[in-house]
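Some structures to go through are shown next.
Next come two complexes, and both contain subunit A; in the first it sits with subunit B, in the second with subunit C.
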Partner chain A sequence: MDWYPLWNSLRIAMVSSVLVFFTGIFAAYYVAKLHPVVKGVLDVVLTLPLVLPPTVVGYFLLVFLGPRRPFGGWMLDAFGIKMVMTWYSGIFAASVVAFPLMYRTARGAFESFDKTLAYAGQTLGLSNTYIFWRIQMPACRQGILAGAVLAFARALGEYGATSMIAGYTPGRTATISTTVYQLWRTDNDALAFRWVMVNVLISTIVLLAVNLLERRERRR
Partner chain B sequence: MGLSVDIRKDLGDFILEAKFETEGGVTGILGASGCGKSMTLRCIAGIVKPDWGRIVLDGEVFFDSERGIHIRPQNRHVGYLFQNYALFPNMTVEQNLMTGLLSYEKDKKKARAAVEEMIERFYLTDVVSHRPTQLSGGQQQRAALARILLSRPKILMLDEPFSALDDFLRWKLELELLEVLKDFAGDTLFVSHSRDEIYRLCDQVCVMEKGTSGRVIPVRQLFEKPSTKAAALLSGCKNYSRAHLEGGEHVFAIDWGVRLKYQGTWTEPIQNIGVRSHYLHPIPKAEANKKENLIHCDILQVIEDVFSIVVMARPKAATTNEPIRIEVSKEFWQDFSQKEGIEKTIWVQVPPEHIMLLN
Partner chain C sequence: MRKKFAEMMLTVAVAISLLVGCGAKEDSVQTTSEEDAKANEVVPEEDAEHLTTDNEAVTLHIFAAASMTETLEEIQKMYADVAPEVTLVFNFDSSGTLKTQIQEGADCDIFISAAQKQMNQLDISADPEINEEGLDFLLEGSRVNLLENKVVLAVAEGNPSGIMSFEDLGSDKLQLLALGNEDVPVGQYSTELLTNLELLDKLETDGKITYGSNVKEVTTQVAEASADAGIIYATDAFSAGLMVVDEATEELCKKVVYPAAILKNTQNQEAAAAFLEYLQTPECMEVFARVGFSKAK
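Presenting the complex of A and B:
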């Protein structure tokens, strides 16, 4: 059994969840402070990838990153970087799809944060950086961690947009989900089943982790 | 010197217009919940920016809309005790106290010593390594106060500090707080909706109603001579009648339909009079024709309270349905009702010196 799809899926999920972790927190923190109207509009735009079919997300990504499109073409001409049909193309797909999960959970955590704690910090002369990292983040830690785990799980399971932008090339762009589909299509039932079990195992572990975090959250 | 506030802010439901000055001591801000008391404190602390106005503490301009000054809360050195005490939940008591001097004390040893001293002063020795959720309400308040004092504030602002506590604890903590306030050199603002707390803890008071603040007056004056009906209501007075002045120190109570004598000089126009329920004296029927300032009432209800008897009665000449409330001691009522028999009517005397003229 060639383990490349597992390795590829894991690195795509890791990199995109790290990306999404910071951008999601950043977006959640700043969107919460905006004017209600701007906030409403931005919220819809940032959450859209969660409800759109992955193929639609894939279409948008191809329009943006394709080699004959302005941005994708420029990346190719200027830096020789191919944006589609490579292993890291999967990162773009996974990041866009997982981003709303991180963003929304982090925003929920920030919104339930007791603002008087921040105010108290300010009147005590503590800097806003200190308040954010030493008071607000620890208070929202459980929610943010749960969001990160969910985003990781979603990135790991990404199929639709990935298959459009990264395709399926064994040993190069294959991920667990695209491999399962390919094996099923080519009647390789036994091997497909193995990969299915690998996926189920990973997802179960991830969900157990989320539940554990949530239970600890409730106990506090 | 002292604190001078003159600000305006549109809060949607109403407009906050706070204008008052304090000069040392403890100043109470008395008002019903949601009247803008806490918002005023937030503006002074710099957490909220007023739309217009000026805030000056001891000559230092905190906010001036005309000159475009709005100092960050970090640089105002305001000691703000929040209603829920706002202790940082992820830190121990000791770490919480440490944050109080983090901004100015770089010497770790000195910081530790100062924290140590506060821990002893506020009886927190047993709970130094506890988290805020493990503390009792009283310990939380003491820890929050200690943290504030460590930050060396120029002014203390206490926002309903006893609202989260039960009655017994409240009394105990009030005594403790009184000690802290005595030792504190700067001004103190004490926000509360409880007239009793204000009376016991404050030197002067400013009444706030629907976002508008009144003058700062000595506490005693509010309770003995409130000048508006809102102030009288907050001071606990329960009986009111619309009224207009008549010549010769007399006033006509429209709602009660009687003419009453009052004491003192009064030249300003008035709209209402008020009389506290325990200043109304039931008079035996036999003496009714010998006394003045009487109201003849129908008894509606006699209610037994914990330590007193409350008689709800309606003046015979009343023009509204609003009853008046008479409060007497249980002993007096037992004696009185025995001698007089149980009657349907009662004669009540209103002492002229206890009629409050209100505009």
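Presenting the complex of A and C:
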């Protein structure tokens, strides 16, 4: 069994969950402070990938990143970087699709954060950066953690948009999900089943880890 | 804190289950319509015939290879004048997918495949080695060879990688080649062709092949320049305005013949036969010829 799809899926999921972790927190922090109207609009835009079919996300990504499109073409001409049909194309797809999970859970956490703690910090002359990293973040770590785990799990399972912008090249762009689909289509049920089990195993481990973390939190 | 975590997980879980719930609903609607279809089958045969002999509205479900999308849509407009009482509903996909859908009981009156294989798999009179499951879905005597197509090598507009022939696929000019999957006719033709050129193994080990699930996907990948070149049908290259640099000879891969047949379970046998007849008229052949099909010999 060629393990490439596992390695590729894991690196795509890890890179995109790190990206989404920071951008999601950043967006959640600033959107929460905005004027209600702007906030409402931005909130819809940032959450859309959660409800749109992945094929629609894939379409938008192709229009943006394709080598014949303005941005994708510019990247290719200026830097020689091809944005589609490479292993890292999967990162774009996974990040966009996983972003709303991080963003929404983080925003929920920030909104339920007791602001008097921040005010108390301000009266002590602490900087906003200090308050954010040392008071707000630890207070919200449950929500942040839940968001990060969900984002990772979603990124690992991304199929639709990935298959559209990364395609299926064995040993290059193949991920677990695209491999399962390919094997199923070509009547290789036995191998498809093994990959399904690998995927179930990873997802179970991720969820167990969340439960363990939660239990440890309870003991504190 | 514990509560917040639980609350958040709950919100997300509810959100997800809502989404999944919508999907499930759609499924159940489909099942009901399939059940309806089954209920219809019980209608006594006389009644069914009565429906088609009159000028009452008839809906024909036609499952056709994805490569026929443009031509059949044009013919659909022409047929509205010939037989206004007949509504044509098309389902375009790879012949492999269509074959599976028919096998699973989808409502279909006419099947047009892009290769003999998928048709044979549904034909009880075909070689049992191909029709392994002994499926008997075709109306006896209705099967015809409708069209011929060509397998070509297409490149994106302007041909930036400078690929000029099938042989060039073995050179460094090529970085990524788009092919159809093994279960798609165009994929089978491509595999045969590349095996004959002794290029398939090399391209696979170099990771230079990306597999699409039908010919339109492969065409789009070339049109978007996601891949440097793709092996598709002459007709798809034409419809998408792609540049064709090479054409497969008969030594490289077998002739591409599109067979058509009426399905045994059809409720509208006469209307289906009439349409299949119409497809073979000079008017329709002209439409087909315009994009690169030729009449099957």
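Convention: the second predicted complex is superposed on the first by the 209 of 220 C-alpha atoms of A that agree within 3 Å, B and C clash if a C-alpha of one lies under 4 Å from a C-alpha of the other, contacts with A are read in each partner's own complex, and residues count from 1 in each chain.
Just so it is clear, a contact is a pair of C-beta atoms (placed from the backbone, for glycine too) under 8 Å apart; a residue touches a chain by one contact, two chains touch by 3 or more.
The model shown is predicted, which means the values in this text are computed figures rather than measured ones.
When both complexes are superposed on subunit A, subunit B and subunit C sit side by side without a clash.
In the superposition on chain A, A:Ala28 contacts neither subunit B nor subunit C. Across the overlaid complexes, the C-alpha centre of subunit A sees subunit B and subunit C at an angle of 140°, to the nearest 10.
Contact with subunit B, but none with subunit C, is seen for A:Asp114 once the two complexes are overlaid on the shared chain.
By the touch criterion defined above, A:Thr123 reaches subunit B but does not reach subunit C.
Residue by residue along subunit A, subunit B and subunit C are tallied for touches, and C comes out ahead. In the superposed pair of complexes, A:Leu150 makes contact with subunit C only, with no contact to subunit B.
Legend: residue contacts after superposition of the two complexes on their common chain; A:Ile135 is shown touching subunit B, with no touch to subunit C. By the document's definition of touching, neither partner reaches A:Val206: not subunit B, not subunit C.
When the two structures are aligned on their common chain, the gap between the nearest CA atoms of subunit B and subunit C comes to 10 Å.
The interface of subunit A with subunit B does not overlap its interface with subunit C at any residue.
Across the complex, subunit A meets subunit B through its residues 114, 116-117, 119-127, 130, 134-135, 138-139, 220. Across the complex, subunit C is touched by residues 50-51, 62, 66-68, 84-85, 101, 104-105, 108-109, 112, 142-143, 146-147, 150, 165, 167-173, 182, 185-187, 214, 217-218 of subunit A. Note for the complex: subunit C touches subunit A at residues 1-2, 4-5, 7-9, 11-12, 15, 19, 96, 156, 176, 178, 181-183, 204, 207-213, 221, 223-227. Taken together, the subunit B residues at the contact with subunit A in this complex read 42, 45-47, 72-80, 82-84, 86, 88-90, 99-100, 102-104, 133, 147-148, 151.
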